[in-house]
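Read through the structures below before going on.
In the two assemblies presented below, subunit A is common to both, partnered first by subunit B and then by subunit C.
Take a look at the complex of A and B:
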């Protein structure tokens, strides 16, 4: 009965939780949440002498929202004001793609491209650098 | 022709009016026919050059804007999708949208680095290989191929401006430029490549040789204006052809109108001139006619009826005044003649009785010497009076124009001989030598009035005898082809120069010692002169002075 309850919980977690993966066409080790944040805020542009190209999904995409919530840990408002300031310093926000397919295609084609997709969409052309789970 | 103007003021005036009317009209007509066509054509060429300029500018602007569009599109962030093979079709949709906006015959392509068309404004070209690879040598550029214009711009990754990720190409059909080329009924525009390999717009049926960057050619039906284009289309010429008959339609119409109208205008000018000059000359003609009429009828009581205040009106007024005065004078003169004539007749009757009775007394009664003397005096005085009355009557007759003239062919020589013979005894009485010389007279026939001729000659001869105390009297008859001269020269008392003008006046006799002793009415010379004038002849007197003799010359014209 107890075990059944745990299974139930696990099962229910499996049903409602979504797992995401940060992918790239280069294999980078020791990618932490804070490194990812620095990469996607373009504070960190090179790693292992590779020019990093972060790729976002379009702004109202669920996956992007989950990513911003989990990794960047910044609200939309804060991000907006951050990029506004960066804009005046000559920096632009990451490349934006509309769909996960194009994100994956881009990541496969561009050296140093780094992006995030639902884990089930990950294919063999990209390397998984980081994974996280969301319960929403 | 000169007579036509010389002899008629009316004709001169008419000519002036017509020339004043004609000259401006003819100058206008010549200007319209000769000069204005060139001017209109030049204006047309200028207008077309302006048109060409405007269209050239429009095309340039259009192509420049296309070029800018391509540059702009190539710089959009969305072009990063090339790297994801445009799986989301964002680029394609954008290009489709752009194509739709232009609504021209054009296509946009995005070619990836591996020469594949990954986005396009038309779906059917997708995934094809691009065949133009070698043409994209620069970052951006323009080139022509076949009937298309290609504008390309290399696309760089938004995250790395050094990395080319593809090329945006605009394929523009040159035929699109047709919309800038007017093709109305009157105008026809087209563009031509320098080497004549390509035309935009309707190709003309004839060939045009281009000489300069800009020029115009006038053909039979068309006026062609061309200009070289610049920048992108530097190998192209733009042409504007204007159909002459349509462009100059109004002008040709106007010329036809003028030509059709000109006979009417000319006729109108002539008619108005004739009418106007007639109007001006009507009073003058009236005046002339009246004058002619008066000359023929001698009726001076007429009156010129004219109401106007101009110069001719004033002339008519003066003429009327003149007529009035003349009429009065003639009336007075007529009255005088009538009075003299009547008086003389009334005087003649009792005078004849006096002469008759005194002659009767002299011949039939036994009168004493003293009585005979008195009666003889009465008779001679009466004779003198009668002679004078005859003279007065004759003068009155001449003045009244009542002398009967009978012009006949006569022998002048025998008439003079008769007069000579008649007066020879008088000369012999005074012991004067009296000669008749007619050697210089050659005419066989001469027309004159015998009676008057004889009367004048007798008058002159008796005057010569009367005023010559001693010496000679010479009668000479001579002629030229036009005139006959009768000269009577005496060695008598002569005439002083100052007295000459008085000679032909009625009742005037020169007052000198000799003449006072002579009987005479003083009418002789005056009567002779007036009679001579009736014959269209004249009498002159010449004298070197007192006591130096006198020469009377009677000149008659030879009548044909």
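Take a look at the complex of A and C:
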């Protein structure tokens, strides 16, 4: 009975887990979580001679929160502090778009664009650079 | 010329975008040009002296494309200072000169290399890169940031950055010319050659800096100095531990030593506590002190800071209370 309960819980978690993907219109090899973090913090601006254009969803978007937790590993307050300091340094945060559809359209059309969406929305026009699963 | 640039910075705000978030600057229309600035006012209470000061009023503009970008920052420093001293009476000083704090162009050479030319914050340690009141932890700055190395460099900065599991950055700093607005620096520097190494992995960052510079003193004689600085930082969402220690030496065997250890704790997003222990010895000025600082910062929004701090000094008559308001816009 106890074992069955554990299996049930694990099965339930798997059902409710959501899978996400970081996508780009160029195939960038050897992309690690650290590099993605550097790209979305605008520390890494060029890769393979391509200018990188990270794209965020709106600040209260659930997918963005999952991305920030998985990739950036920084809280909202720390990110606010980071981007205020970057404003003084002359750097801007990534552009923001409201929907996954806009993000995918932008990513398809702009060389070097990188964004993140739910995996079921990924289409053949973009390449998956990184995938992760979250139970949140 | 500086007033003209300042006027233009104001004028283009008329064409800035409607949507504005405090602390993130204005975008000029659809152009890749941004405007911003900051200001700071403070009050200091010592045993025998009260001081009210409008310190920084600064305007900046930056922008560019994927290859070339620029930064211009013009500033009023100690715009208005009113002092009430029990021994020396009351004084009021005004400095309405505009100083060039930063003026540089960045060029992205390739994935790893970039080149900066102009006047820039010397990329030495942590504090010197974030020197404005609203962004730093306390209203006061550690003495280390004033007696070891030149705060600003006018010349070239060749930068190499590598990203993998860790971030490595190396800066080669070169100045062999008169500085832009040489009054606006802690040292009047003609030459500055330095290396800056930075290693970052996860929450931990280590920096090591060493350099040489020649400066003119008040009598316009030139002296050469060498310096070394070691900095470490560990930061999470809730707290930060920061330590910097440095030494400076000159040919006539005068030495400066300075260091500090600072802890910062974010009780909430708006309430932050700071404690800093400092020590320094300035042989050239025949000065030394040990300082303990306890500070509290309230940030109703991140770009707005209300700060208080109390400083306990080993030197006589230096204990002080400081309160400040600073805003980044």
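Keep this in mind: the second predicted complex is superposed on the first by the 123 of 136 C-alpha atoms of A that agree within 3 Å, B and C clash if a C-alpha of one lies under 4 Å from a C-alpha of the other, contacts with A are read in each partner's own complex, and residues count from 1 in each chain.
One rule holds for everything that comes next: contacts are C-beta pairs under 8 Å (C-beta built on N, C-alpha and C of every residue); 3 or more make two chains touch, one makes a residue touch a chain.
Note that this is a predicted model, so its numbers are computed, not measured.
Novice: In the superposed model, which partner reaches more residues of subunit A, subunit B or subunit C?
Specialist: Partner touching more subunit A residues in the overlay: C.
Novice: A:127 contacts which: subunit B (first), subunit C (second), both, neither?
Specialist: Touch status of A:127: no partner.
Novice: For A:78, select first, second, both or neither according to whether it touches subunit B, subunit C, the two together, or no partner.
Specialist: In the superposition, A:78 contacts subunit C only.
Novice: Taking the superposition as given, does A:110 touch the first partner, subunit B, the second, subunit C, both, or neither?
Specialist: In the superposed model, A:110 contacts subunit B only, not subunit C.
Novice: If you stack the two complexes on chain A, which partner ends up touching A:88: first (subunit B), second (subunit C), both, or neither?
Specialist: In the superposed model, A:88 contacts subunit C only, not subunit B.
Novice: Can A:18 be said to touch subunit B (first), subunit C (second), both, or neither?
Specialist: Once the two structures are laid over each other on A, A:18 reaches no partner at all.
Novice: Given the touch rule stated above, what does A:51 touch, subunit B (first), subunit C (second), both, or neither?
Specialist: Both partners, subunit B and subunit C.
Novice: For A:96, using the defined touch cut-off, is the partner it touches subunit B, subunit C, both, or neither? Pick first, second, both or neither.
Specialist: Once the two structures are laid over each other on A, A:96 reaches subunit B alone.
Novice: I'd like to check the shared interface: which positions of subunit A are touched by both subunit B and subunit C across the two complexes?
Specialist: Touching subunit B in the first complex and subunit C in the second, residues 51, 92 of subunit A appear in both lists.
Novice: Report the residues of subunit A in contact with subunit C in the complex, numbered from low to high.
Specialist: Interface residues on the subunit A side: 32, 34-35, 38, 43-49, 51, 74-78, 80-81, 83-85, 87-90, 92-93.
Novice: Please output the residues of subunit A touching subunit B within their complex, sorted ascending.
Specialist: It is residues 51, 53, 92, 94-99, 101-106, 109-110, 113 of subunit A that touch subunit B.
Novice: Can you check the complex and tell me which residues of subunit B touch subunit A?
Specialist: 77, 80-81, 83-88, 90, 157-160
Novice: If you look only at subunit C, which of its residues touch subunit A in the complex?
Specialist: Those in contact with subunit A are residues 23-25, 34, 36, 38, 60, 62-63, 66-67, 69, 71, 108, 110-111, 129-130, 132, 135, 161, 163-167, 237, 266, 269, 302-303, 328.
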